[in-house]
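We just call them A, B, C and D in the order they show up, numbering each chain from 1.
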Amino acid sequence: MRKIKIGSVGLGRLGYEHAVNIATKISQAELTAICDIDAQRVNQVATELGVPYQYTDFEEMCKNPELDAIVIVSPSAHHPAQIAMALSYGKHVFSDKPLGTDVAQCLIAEKAVEAYPDQVFMLGFMRRFDPSYLDAKARIDRGELGRVILVRSYTQDPISSVESTLKFAQWSGGQFLDMCVHDIDLVRWFTKSEPKNVWGIGGCFEFEQYRDWNDGDNVAVMMQNEDEAMSFMFAGRAAAHGSNVETEIIGTRGTLRIASVPSINHLEIMDSHGVRKECFQDFLTRWHEAYINEIVEFCNCIIENRKPEVTVYDGTAVSRIAYRCKESFETGKMLSMKD
Amino acid sequence: MRKIKIGSVGLGRLGYEHAVNIATKISQAELTAICDIDAQRVNQVATELGVPYQYTDFEEMCKNPELDAIVIVSPSAHHPAQIAMALSYGKHVFSDKPLGTDVAQCLIAEKAVEAYPDQVFMLGFMRRFDPSYLDAKARIDRGELGRVILVRSYTQDPISSVESTLKFAQWSGGQFLDMCVHDIDLVRWFTKSEPKNVWGIGGCFEFEQYRDWNDGDNVAVMMQNEDEAMSFMFAGRAAAHGSNVETEIIGTRGTLRIASVPSINHLEIMDSHGVRKECFQDFLTRWHEAYINEIVEFCNCIIENRKPEVTVYDGTAVSRIAYRCKESFETGKMLSMKD
Amino acid sequence: MRKIKIGSVGLGRLGYEHAVNIATKISQAELTAICDIDAQRVNQVATELGVPYQYTDFEEMCKNPELDAIVIVSPSAHHPAQIAMALSYGKHVFSDKPLGTDVAQCLIAEKAVEAYPDQVFMLGFMRRFDPSYLDAKARIDRGELGRVILVRSYTQDPISSVESTLKFAQWSGGQFLDMCVHDIDLVRWFTKSEPKNVWGIGGCFEFEQYRDWNDGDNVAVMMQNEDEAMSFMFAGRAAAHGSNVETEIIGTRGTLRIASVPSINHLEIMDSHGVRKECFQDFLTRWHEAYINEIVEFCNCIIENRKPEVTVYDGTAVSRIAYRCKESFETGKMLSMKD
Amino acid sequence: MRKIKIGSVGLGRLGYEHAVNIATKISQAELTAICDIDAQRVNQVATELGVPYQYTDFEEMCKNPELDAIVIVSPSAHHPAQIAMALSYGKHVFSDKPLGTDVAQCLIAEKAVEAYPDQVFMLGFMRRFDPSYLDAKARIDRGELGRVILVRSYTQDPISSVESTLKFAQWSGGQFLDMCVHDIDLVRWFTKSEPKNVWGIGGCFEFEQYRDWNDGDNVAVMMQNEDEAMSFMFAGRAAAHGSNVETEIIGTRGTLRIASVPSINHLEIMDSHGVRKECFQDFLTRWHEAYINEIVEFCNCIIENRKPEVTVYDGTAVSRIAYRCKESFETGKMLSMKD
């Protein structure tokens, strides 16, 4: 069995998760190199996972001729340049979302990808690889829902980790860029059409500091698509019950709900609080399988010499929409995607 | 519209509930008289509900020529004699379960009912009048489940009212007579067959005082029917989440579950305890609609000159089985219903 | 017990429901008179329910000195004039929603109500009287949710009755006026604040005839309140699973969902379709208890000489907002409530 | 990272699942050898998974000095002899349940295990490694349920695969040995006490052929433990909704339910059948994670030089109880475990 030799950059929470998955859970892959600006962290993880090559310089890693592919889990601002560089050294590239921190940056990434048409480029919209989301997509594509009328999608961080959320929030790009991009991707995926008009609103309901960052602690967007399909997105930073990502697709023939109760497992508890299910408190646990599946798909694309369903253009389109939502939120105006 | 004039005996919790229902919620009925040994209570309720006649002597009430029917919600030990007396005065009779406190008593009631074949007699197995149980029964009778394999039925009082439960428990006849009779009735109703062998077990898991009463705080029964259908019943005195009466019917073509979550209403709460539903804490609230429906059916039987589905023989059969379960529990033996 | 003598106008589906409830299920009320333009229908219902007085002329009914109160369940266009007339004859008035078919009409009703401050006037937002909605409201008012961030509310008719829906739809005032008014009322009730900006969108996803009526078969509205609270409403005419009215309230400390599964009863069915709950197919069944409760409250207000929580101004406010949503839908613009 | 070199015997459905897991999903293990009586199948799987050594003779495989451990997924009748042989060649042994096909066989396995105290022996009660069952066990052990009163556990095969079930059923040992052993293991695990009396019943509700095999197509067992704890088990061959393994633990302080709805994923479907969840149709899918986790635990025991929680004595105890249940079913008698 051919194994894809991967160099991975970024060893934050998600970067480490990807490193562990590649090293131990994905039979199509080998974690051959890791890179981070923190040399000590690189050494620690390399030792733990038995990784042969260690880097603190990304370009040096790209030069390693043993590597087939680069996985980018660095801070968002580095994505476009690292994508371009890795491609230029002949590597296949997987990059975590977002494609870039603004549309101009996305276009840089687009050009790089276009310049290396024989190399695989894949963007990490992991929700598309969650079994429940995949099942929903298959049902919609088989026509079980009839015509899609409305997509509703929520992304809420749990209150249980609000301290770390607050620390990170101001560097996140704001809720529209950091959270809603996933929901925007789902809306486009499920409806197969593009938004025409967007209106973003929100407020600071508990954490006034978001005002200083031109953001809200809770925000919402409604979008009207070219073909009349509608969508509603909600993002919040402190859901009482847990890490809540749920999506509903209403069609003319039926409705699907994905994870409207984000229960951790098959346990139902009956006690003085009633009958209850406990919920995910952590996005890494919620998306554990999806994070593995997306890298498996990336490797399979390389092995089978085919391209992933998610393209670089999806990355740009989502960023463009998210920025328009943010602009709508900031100006208080409903905005056309055309202007 | 003809109104059935009712005299009701017993003003305990359930007796009062029936009085209020008859007086205010059942258009086919009028609460014309009430009776209880506590004259003050009779007067208070009569004033509140505008009841014309007040009694502390049951026979006096039965003599009232205005009354069409008697509703008996007195202590169980009085049921057979009161049934016989009310029938002898030409009244239609509704009696709360159980028919009698032992099989001999049930046979007294049977004879009385047989002696007055033109009068309506109905026994209060109210679960049969709950909309969910009715829906289940209709589906089973339509054959949607195929052949019935197993009936599982639980009756649990809530821990929230355990103090009053404990006070009452030693006079209740024990769990098999007081609680399981309802489940036994359901098993016979759903399977349409009779138990052949029974085994009752149980213990004192928290409240040792039940040993003094030859009872357990939690008990279970398994029954094997003549036609191989099986049943399992569980009764407990202190469920943490509430008043829990649930029933499952497993058939060769499908399974039905009734109230496996005894949620009070359509509310779902998402908070630090997860996603949860709060549960009934009170049997009167749980069976509110059923208690009304059974009296409506009783009145309609009188008005339409027909007999109820539940007969006096069902009352005897259930008691006979419940006693056999109790005997099995006490002797530690699996017992045949035939011996 | 004092009984409120009621004359009821309108014997359509809901009018008949109210008539039956008043006649048979509400101990505080008597159905003393009914009125409809269809004399035969009046006679038929009067006979069935034993109603003493029959009318085909509304003013004649109002003149009946025996009547304490008038219940208006006539076509919406008649509401303001009938409210004014009934009040002028000294009657307490309950009117089904909407207060009027446009804001000018609502103001006529407002003036009439203001002219008779000693008489009870109540508007039929029955959802406020559903046990689950009441429970939610109580929890919110007790502060269990913290600050309200978002209210999401759906109103979907079932596909099982789409033929009658389509016949009625063009006379209904359109979805914003006919369906969303209930959701708008709930948003104001739960948030205790007023919308500042609204954007209504929608389309014809299956039934093109809605275009001729300046309406959509599915529509959505997002609203931004003065205090930053947000709301999203969705209305549709043909939900596959049934009559679906659900509401979610997201707060800083918790979330409540009301009827996110509109299950008819406590039955869970396990068959070749999986594990499932069947849903309401009919709004009269769904709101049966609420329709009774609202008339009970109306009677109690009269008896206890107090005013209902819902005022005539709520009726105007909701209509004003619904019209603004409709205007937004028709013009394609996000609109301020202030212009 | 040390990798445990495993030789696996048996390439049926579950044997193949284990082979794939060991080869591709378990970083602590290497699939170094496989053995089956079907040489062609061995060759095919070895090629697919890149397995270095192929055997059709079990003893030959045991002689391979490279192997650290043997995984036994052969027909149940071979388990005791293969366990003994593998241990005698110095290998650690993992054996699928049951330990043996009768108690005498189990005792042979016990003696072998006792003879090699320094080698790891583990029995495949995989349910103990399912995340939901693990969560339940942890809650019980932390005392969250108070004292355990009742364990109810169901094992139902799906009707969707009834044809293959029927083919296999007569060689399976019967429902008590083939299905209930898992539930018996759970009862012992959760209650930490032993059954004192058992009564097994059942019948042929649809498939008369089970009578020829001294079995029922649906069977039930009630057990009374030494410490009064109770249990009820139900096993069936053709559940309409899917592969249904559910367990309930009722305690004095709360109740846990595991997988009372065996939903495949987080999807909720709303269509003309109501609101529904689709269910597992396949035990390999249901227990996928548990099958991996148990081999991981086996490897970790070897690496960390410790013994698994499940001992060979658990295997004998469970078999002894299952046989007693079967005897009770066959004789129609409630039986003591002591006789």
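As a convention for this text, a residue touches a chain if its C-beta (ideal position, glycine included) is under 8 Å from a C-beta of that chain, and two chains touch if they have at least 3 such contacts.
As the structure is a prediction and not an experimental result, all values here were calculated from the model.
Chain pairs C-D and A-D differ in how many C-beta pairs are in contact, and the one with more is A-D.
Centroid distances from chain D, each centroid being the mean of CA atoms, peak for C. Centres computed as Cα averages put chain A at a distance of 38 Å from chain D. Chain A and chain C, compared by their mean Cα positions, are separated by 42 Å. Centre-to-centre separation between chain C and chain D, using Cα means, comes to 57 Å. Shared interface positions of chain B, defined as residues touching 2 or more other chains, are 239-241, 253-255, 260-263, 269-272.
Considering their complex, residues 146-147, 149-150, 152, 197, 199, 201-206, 216, 218, 220, 222, 224, 228-230, 232, 234, 236, 238-241, 250, 252-255, 260, 332-334 of chain C touch chain A. Against chain D, the residues of chain C that register as touching in their complex are 159, 239-242, 261-263, 269-279. Contact residues on chain D toward chain A in their complex (touch as defined above): 1, 23-25, 27, 50, 131-132, 135-136, 139, 144, 253-272.
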